[in-house]
Amino acid sequence: MNLQLDWSFFTWDLFTNFVIKGFYFSVQLTAIATIGGVFFGTLLALMRLSGNKWLMTPATIYVNGMRSIPLVMVILWFFLLVPLLIGKQIGAEASAIITFIAFESAFFSEIMRAGIQSIPRGQVFAGQALGMTYSQNMRLVVLPQAFRNMLPVLLMQTIVLFQDTSLVYAIGAYDMLKGFETAGKNYGRPIEAYLAAAVTYFVLCYSLSTLVKHLHKKIAVIR
Amino acid sequence: MIDVINVSKWYGNIQVLTDCSTHIEKGEVVVVCGPSGSGKSTLIKTINALEPFQKGEVFVDGVAVHDPKTDLPKLRSRVGMVFQHFELFPHLSVTENLTIAQIKVLGRNATDAKERGLKMLDRVGLTAHKDKYPGQLSGGQQQRVAIARALSMDPIVMLFDEPTSALDPEMVGEVLEVMTSLAHEGMTMMCVTHEMGFAKQVSTRVIFMDVGGKLLEDCSKEDFFGHPEARQPRTREFLDKILAH
Amino acid sequence: MSWDWQVFCQDNISQEVVTGCFGKGGDVTYLDWMLSAWGWTVSVALLALLVALLFGTVVGVLRTLPDSRFWLRLGNAWVELFRNIPLLVQIFIWYHVIPAFFPAMKALPGFVLVVFALGFFTSARIAEQVRSGIMTLPRGQRMAGMALGFSTFQCYRYVLLPMAFRIIIPPLTSETMNVFKNSSVAFAVSVAELTLFAMQAQEETSRGVEIYLAVTALYVLSALANNRIMAFIEKRLRVPGMVAAAGGGH
Amino acid sequence: EGTLDKIKNSGSAALGVRESSGLGYTLGNGKYVGFHTEMGERILADIQKELGLDKLEIKYQPITSQNRVPLIVNGTIDLECGSTTNNRARQKDADFAITTYVEAVRIAVRADSSIKDLKDLNGKTIVTTTGTTSVQTLRKNKRAENLSFREIMGKDHSDSFLMLESGRADAFVMDGSILAANIAKSKSPQNYKILDETLSLEPIACMLRKNDPDFKKAVDDSIKRQIADGSLLELYNKWFMQPIPPTGVNLNMPLSAATKEAWDNPNNKPMEEYDAQ
Amino acid sequence: MIDVINVSKWYGNIQVLTDCSTHIEKGEVVVVCGPSGSGKSTLIKTINALEPFQKGEVFVDGVAVHDPKTDLPKLRSRVGMVFQHFELFPHLSVTENLTIAQIKVLGRNATDAKERGLKMLDRVGLTAHKDKYPGQLSGGQQQRVAIARALSMDPIVMLFDEPTSALDPEMVGEVLEVMTSLAHEGMTMMCVTHEMGFAKQVSTRVIFMDVGGKLLEDCSKEDFFGHPEARQPRTREFLDKILAH
């Protein structure tokens, strides 16, 4: 074994200088994109399930298009094209947030669509039979159940999203992985930096998924 | 109270209701039976417009169900419906199941809704379970809650779609009991069921449907059970089969 | 910025436009290069998918075995390990850290390592899907298989997996699309695939927009082809008379 | 609206900087340093004076080799002082200030290596970094000298250096300043050496938006001022001849003849004209 | 043929079988009934080791089911089992359903297996459907295929777990008919069912279980139905409920 690790550079200062800022950004981006993605994703899912051609077709094209382009390309395109379209510059951070919401909406819409379809048709009938309108039925009966059913899958996508925030390197934004990388480069210790990143990501993502599993057990629909 | 006039329905090319007509008076208890896939569920669902149909007319308490201008949610809120698989909302407690539609649809305030809901829960004998979730109840209990939920909307008519066929045999009785007492109180009811005991005991009329959604019989229970010779061959064959074992 | 699509016909050394757009006699135009990069992308993705399906199925099955704590734990550990660390970091570890412990691995080209890294990463997700596919099958199916005298292996082979795979084809389609997209990390270990091509070619030609557009189009094309193939498989495997494969009802 | 007006109206300028290159890097926490980074700050200070602004806020925007040209074109950054080679292709999209540093593409090997010049690379594995002009340089030399070697590419410079360090590659071909920086920061700098041979020369200059002659003149004037009063040489020595943060290593890279030549005859010739020499 | 001796089983702290003992002779037809959750399915599944148990012994044709050294797949291949929800393999055609276990488990060649399978299919009257898939059959037909599948393994005993309770009422008859003819041919059978008509007609013995997995009754059908006064109160209550409607 010829791997000598040198952790001497790995001080608290380094953490506060390089990693924390990226961590905040990653978390912020993940949180905003998850909330926005679930919201718009649900709308897209409802459009796709509406049975109305004028709603279904654009939603389907949007979702399938977004899902077939690598995220890093979406980020780049968004960053390059939107200023040309609106004739005004938007910052890397804002651009990243908008891109992630737009991109994640496509993924969350697929998840929510499966979730909505997993609710037995009888539930919809029951809501209707009680006199609920379409939107009441969705809000009070279908979506709460769909959301509970889909929580584990939503979680998995959120973990992917948290890891994918590293792709913002393409437009010069700064996330947690970038923090570790930059530190590793400037101190000439990339292996140590990557190992630290692996451990940090693992601990964060694993805790997150454990947390959500507990939450899911709590709010899961008792059948 | 309910008028079904020449209703036909197709799924694509397949006809599932053929020229169905019937009339139900206030206080009548009508049992609908027939082989699987004959369109019993479809027929009963046309009455509160859960199933749209292409031809014919349905009136409930004078309201034209087939009219696109009719406020369907409002109509449905006045027609109680009970399903084969209960369809309680599993993410809501029993009390919430009983009150949510009263509050969101009828606009009752939470206190009134709860009072009304608990009264109906008491009627089906389940007050003790008011804070449980549907998943924590047995099938028979769930179905009784479902009946209470429908009743708490103060319906003018109750529709039942095979309310006991998903139940363990021991629990069938407790649900039929609630239905029987409802009938005795004068509730207008339309029930899809194969419980011939119930039909014999409480129904005023029996409708028999055959595949393709045809109403083969529509007569009083006395005629239906008392004069087999006057029935169609298909009806007799069906009755023989289900009464045999 | 103005368009300049001629850039693809340029020779990648002299930067001169070649007639016919394809290089002759060992010369390479950017178009040649891009097409070969596409080939690498497809190769990495397909091989990684193979690895992922193999390991994902095994691990997914391990996590559904009745009463066997050990295998369950092992399966869970596998999934958690490979899905909670960013792919890029995993690749780095495969390439730089693990060979330090096993020097023999240094001889392996980046291509092989990336196939395994991407394959294992994806296998965690496929294992999840396989597991949930098996779990959605009615419990009675396993019972029925066992009651007929099938061994556990036979039960999975003939009864559970054929149905589970049919059920999970839609999420599996998404996953195969992800593998194509994720294969872009292969650039990190010097596999000349599309992303590496894009980064390098745009630097050399300064026609970033044209290069990225073309590369995006190739990714979309790959995804589309992938989607059609999966739809074809789904159709071929569709069981007559079965509606809502996901085992709705009881 | 010219860039000068934009700076005047907004009271701020966006400076494109590098996060980890020989000429500019970050200390973390939003702090960017290095020879070209500091030079860029001085240029902006001169512009502030010229515009008569009390205050000029510098917005640092870290850039990468993939996004720097689009960022200049779409107006995210006003001036980029990182380590961008001035070449003809880029000149179609952007303008360059006068050359302030002439980079020599060179070869780094392990100290105990038998490789002495380009020809010794025959049959060896060579690493270089994706998205750099060195890849092209290497490819040209390969054909010109009729060599056959295996070429691998690191994701970034530290990755490439790691391949040299771990023995996956026998040589690392890259800009001299980057080689020097990576060696200096490594665990044991004495284990590596940079060969004397120069594969090509590349002029490095600040980049700015095309067709903005007023802004270009202001930038060029400031650089000329810095050359003339010796402050640029001082700055050079600060970053290349003295210990630098964060670890306090000394790169020990005296000013090259080519750079000196560029300072003495301010110009913005693209890389292609250097090749011809 | 089958010996169940003091079998007890727990899920965690909950006891689901309590000291169950019974003995079944070759050719006997035993009906097991009791309320939901009383452990009927669990008991019947211990016999072919689909449910492990912590205490007691089970012997089938002299083979010790509880012995860890027993080759369970081999044992199971000799015990036929029919489930409430049929559990045909939906991705295989009817013929494939009938032959797969013969080929893979018993090692028969494809021709023999097919011959045997089709013979059994004929026995349940479904030869015409041999190339269909389970999803294309009605519930009653699926259950009959499931019986044929079990029979084609040449079982020494057949276990039935509520074989008719998931069926439409009209189809119950056709399945019971097949079971009845099997019984008349002398097949050893153990049936969990609430079809009291079937029990009265063909069973030789009736077992009644109560919650907690206790065998409250284990007597001849004449005693069970003919002497209600000799039965436990819980048994009488149960019989009253399910015979009432």
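Which chain is which? They are A, B, C, D and E, in the order written, and residues in each are numbered from 1.
Everything that follows uses one rule, which is that contacts are C-beta pairs under 8 Å (C-beta built on N, C-alpha and C of every residue); 3 or more make two chains touch, one makes a residue touch a chain.
Note that this is a predicted model, so its numbers are computed, not measured.
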item: Contacts common to chain C and chain E (chain labels); value: none
item: Number of hops, chain B to chain C, where each hop joins two touching chains; value: 2
item: Centroid-based (C-alpha) most distant chain relative to chain C; value: B
item: Distance-maximising chain from chain E - centres being C-alpha averages; value: D
item: Whole-Å gap between the CA centroids of chain A and chain B; value: 45
item: Between chain E and chain D, distance of the C-alpha-averaged centres to the nearest whole Å; value: 81
item: Distance between chain centroids, defined by C-alpha means - chain A, chain D (Å); value: 36
item: Residues of chain D whose C-beta touches two or more other chains; value: 66, 70, 159, 162
item: Shared-contact residues (touching 2 or more other chains) in chain A; value: 76, 80, 120, 190-191
item: Chains grouped in pairs wherever the two touch, ordered by label; value: A-B, A-C, A-D, B-E, C-D, C-E
item: Chain D - residues contacting chain C, complex; value: 65-66, 69-70, 73, 87, 89-90, 92-93, 130-133, 135-136, 139-140, 143, 152-155, 159, 162, 166-168
item: Partner chain B, residues of chain E touching it in the complex; value: 35-36, 138-139, 165, 168-173, 176, 194-195, 197-198, 238, 241-242, 244-245
item: Contacting residues of chain E [partner chain C, same complex]; value: 45, 48, 50, 52, 73-81, 83-85, 87-91, 100-101, 104-106, 132-137, 149-150, 153, 166
item: Sites on chain A touched by chain D in the complex; value: 4, 6, 9, 14, 16-18, 21, 76, 79-80, 83-84, 89, 91-92, 169-172, 174, 179, 181-191
item: Residues of chain D defined as touching chain A within the complex; value: 19-20, 25-31, 61-64, 66-67, 70-71, 74-76, 156-159, 161-162, 182, 185-187, 246-247
